[in-house]
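I am attaching a structure below and will ask some questions about it afterwards.
Letters A, B and C mark the chains in the order given here, with residues in each chain numbered from 1 onward.
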Amino acid sequence: MKLFSSVHDVPDLNALVTEALACKQNPFAAQHLGKNKTLGLVFLNPSLRTRMSTQKAALNLGMNVMILNMDKEGWALELQDGATMNGSTVEHIREAAAVLGQYCDIIGIRSFPGLKNREEDYSEAVFNKFVKYCGVPVVSLESATRHPLQSLADLVTITELKTVARPKVVLTWAPHVKALPQAVPNSFAEWMCKADVDFTIAHPAGYELNESFTPGAAITHNQDEALQGADFIYVKNWSAYEPYGRVLPGNEDWMLTNGRLAVTHKAKVMHCLPVRRNVELADDILDGPASVVILEAANRVWAAQAVLKEMLSTI
Amino acid sequence: MKLFSSVHDVPDLNALVTEALACKQNPFAAQHLGKNKTLGLVFLNPSLRTRMSTQKAALNLGMNVMILNMDKEGWALELQDGATMNGSTVEHIREAAAVLGQYCDIIGIRSFPGLKNREEDYSEAVFNKFVKYCGVPVVSLESATRHPLQSLADLVTITELKTVARPKVVLTWAPHVKALPQAVPNSFAEWMCKADVDFTIAHPAGYELNESFTPGAAITHNQDEALQGADFIYVKNWSAYEPYGRVLPGNEDWMLTNGRLAVTHKAKVMHCLPVRRNVELADDILDGPASVVILEAANRVWAAQAVLKEMLSTI
Amino acid sequence: MKLFSSVHDVPDLNALVTEALACKQNPFAAQHLGKNKTLGLVFLNPSLRTRMSTQKAALNLGMNVMILNMDKEGWALELQDGATMNGSTVEHIREAAAVLGQYCDIIGIRSFPGLKNREEDYSEAVFNKFVKYCGVPVVSLESATRHPLQSLADLVTITELKTVARPKVVLTWAPHVKALPQAVPNSFAEWMCKADVDFTIAHPAGYELNESFTPGAAITHNQDEALQGADFIYVKNWSAYEPYGRVLPGNEDWMLTNGRLAVTHKAKVMHCLPVRRNVELADDILDGPASVVILEAANRVWAAQAVLKEMLSTI
């Protein structure tokens, strides 16, 4: 694997999940693979889980890790081709990416969307330019429209916990006070649509995701109906795709509470974190037995380790 | 040892000091202990000595180290239980701590007091919640009311330098331009009260420390009297405990200068650093032979290494 | 080598370049040298290439690396001797340097000039105090008036690429929107004046560099004349030395484009990066075959590795 940016980069989904679970069983078995190899982690935005879990995965594989908070430690990046750089940007992404590619064997990069210009965000301009110019294998640490390491960890978690061969998985929109990217729900949806699950998406009218991420998914505006018989409920807020990046009024009653779980098949509740307590998800769920959010976060290590291991085996 | 938050977590003070001095003699002797073990260092506030010395101690023990500047690289933390998180905080400490506990074998955390609400600060709400939810051994990198790695390094320094079996140690208040926490003096006091020293605290009226940290200490408002025959003088500013977090007017003449050392027993002058020159301590002391502040800072490595080594031997 | 602050610290320029090229051929050959040795990287200013390449060089040598963003993670530094620290500075450089020297075997430090007080900047007050008080070998990561790791990488690049025994090297001023330090051109000039090259400096009237950095260099205000027959063109903006730190009006036509390269001897175009595209250098050069800026940045690793290796062999 030379690129891990979406589910489409994964030749065999089951094999990658199996590899992640093998890493979890035996974290230090492949330390020879990473010897004298360097992972660069480049952050254009904040990160806790991704930063720490990907670093840990690389250390488990014997790699060196170098971290760059581009916005705070490096230089303000210019992203437009042809720009006359007489403003506030100091370095073009063409140079920054190419230079980092000289220092690292594999690079992970995080770049959130601006949520202003949908076409630009959905063209993955920043991420794709970085990939193009850095010249080494790249792992997405969340891009404008996807968060594939999260989705792989989610699938690992579902695989570990499922009690039926083909579980019902529901992605449900949740309220929030800010406009959030569609990256996590887009990504989760496209992974679930390829996985061996029965997949339903529930959201208020107006929060339709871009259809290219949801082929074959059942989509409903009725949350309670969606939850019927669910084995896993993936809770996440996102802003509207149309009008792009907007929070629509109302829908506070979409916050999941324990009471709503009664109709499920003893569903496990998932969230990628960070979660706004009592806005996205009630305390009673997060502090109760249905929540698997910490296991999900823990599985980020094994998802990243499986991906890095695959990449190390090709360089 | 599963927790290092105060002197009360140390079963045998002398043994820990002896271990620190052994680490100093032979820094790399226990590198097998840390192999494939990860120390997470989490900072909610700035740090120079603690950041670098604890990292160095872990590397000496063969550990991997992952650092998170929570405030700058991660997310704004919510600390209140039951909060409806519709404001500026993005992640609750319950999740943040629990997740970090999945990635780290031992965690160090620094969290300064707010100096607004004494009850909250003295309940060690942030530190204790972190300990409760992370689920792995925790080292305090300075909490609201204590700085135990500093105090251990201080005791190591006194042990190394003492010329009499039971030295006289004086903690003296010093002027400052800002309101500082009571963590360092509280902590130093409770360590000295348990150590084999003759311990005196000198401060202006109004700067009484919480009595639970000073059992058995001689306390005086007369600095010159306190300095008589002192072997070690520990200089430190702190704000008032009552009214909490306030700087009282006056007392600039409490700044120690070389002249005042004449009445001591060739006292060594200590300070945890950073020190405001010519406000807390005069240049002539810091640049003269009485100062041992750099040795004290150097001993931070061995204090941290002894604590981490103890913890590694229990996991 | 105990200090790497300028070309004057290098006993044998050719030997150091040869060492850098040997490191490039065999990056991991000297990992025993760095075992249990710690490099501290201290940044008072942003850094991308220097941060990542020096870290990589140290890892190649088997060293541990600890990074401190002094301004963001540590404390605001006081630089004046004798200061009464009752303002915004929290720690004096005397203590900060001395303490870091206790934790590190070698320290690299970056400190840009203020561009306000020429005498202060050119006395290298900050860098020299750090060297004086830290007590361990120091590598400049760019100081007020020099950037020697960059210059060494530049000489390595020229050595690798030259097609004649004694190439013509031209340092040419370029336009910019901000007042930049003279560190890179000063440093490049003093290295070229000692190297086996034919060295010319071209700049608009008013941008004369301090003469102590340019002994023996040909200096002209005519860019086209300077470019005649050039093998290497080093493009860089700098602010005026007199009046100090000022940007003089005009001179936008000094931006290099492909058209101007016609008179050269198939010149390679160099720049230390970051570069303002279409202000300092036109897109057509940076994206064309003449540019060697990425190779130059890549060579930063081998320059740093050669210097660190020299230092490790003396401690």
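One rule holds for everything that comes next: contacts are C-beta pairs under 8 Å (C-beta built on N, C-alpha and C of every residue); 3 or more make two chains touch, one makes a residue touch a chain.
Worth saying up front: this structure is predicted, and the values here are computed from it rather than measured.
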Worksheet, complete the sentence: The C-alpha superposition of chain A onto chain C, two copies of one sequence, needs a rotation in degrees (nearest 5) of 120
Worksheet item: Is the contact between copies chain A and chain B built from the same residues on both sides or from different ones, judged by whether over half of the numbers are shared?
Response: different
Worksheet item: With chain centres defined as C-alpha means, what is the inter-centre distance between chain A and chain B in Å?
Response: 39
Fill in: Multi-chain contact residues (two or more partners), chain B
72
Worksheet item: Given the complex with chain A, which residues does chain C contribute to the contact?
Response: 27-28, 43, 46-49, 51-53, 55-56, 59-60, 69, 72, 177, 273-279, 283, 286-287, 293-294, 297-298, 301
Item to complete: Spell out the part of chain C that touches chain B in their complex, as residue ranges.
Response: 36, 38, 40, 64, 66, 68, 70, 72-75, 78, 82-87, 90-92, 94-96, 98-100, 102-104
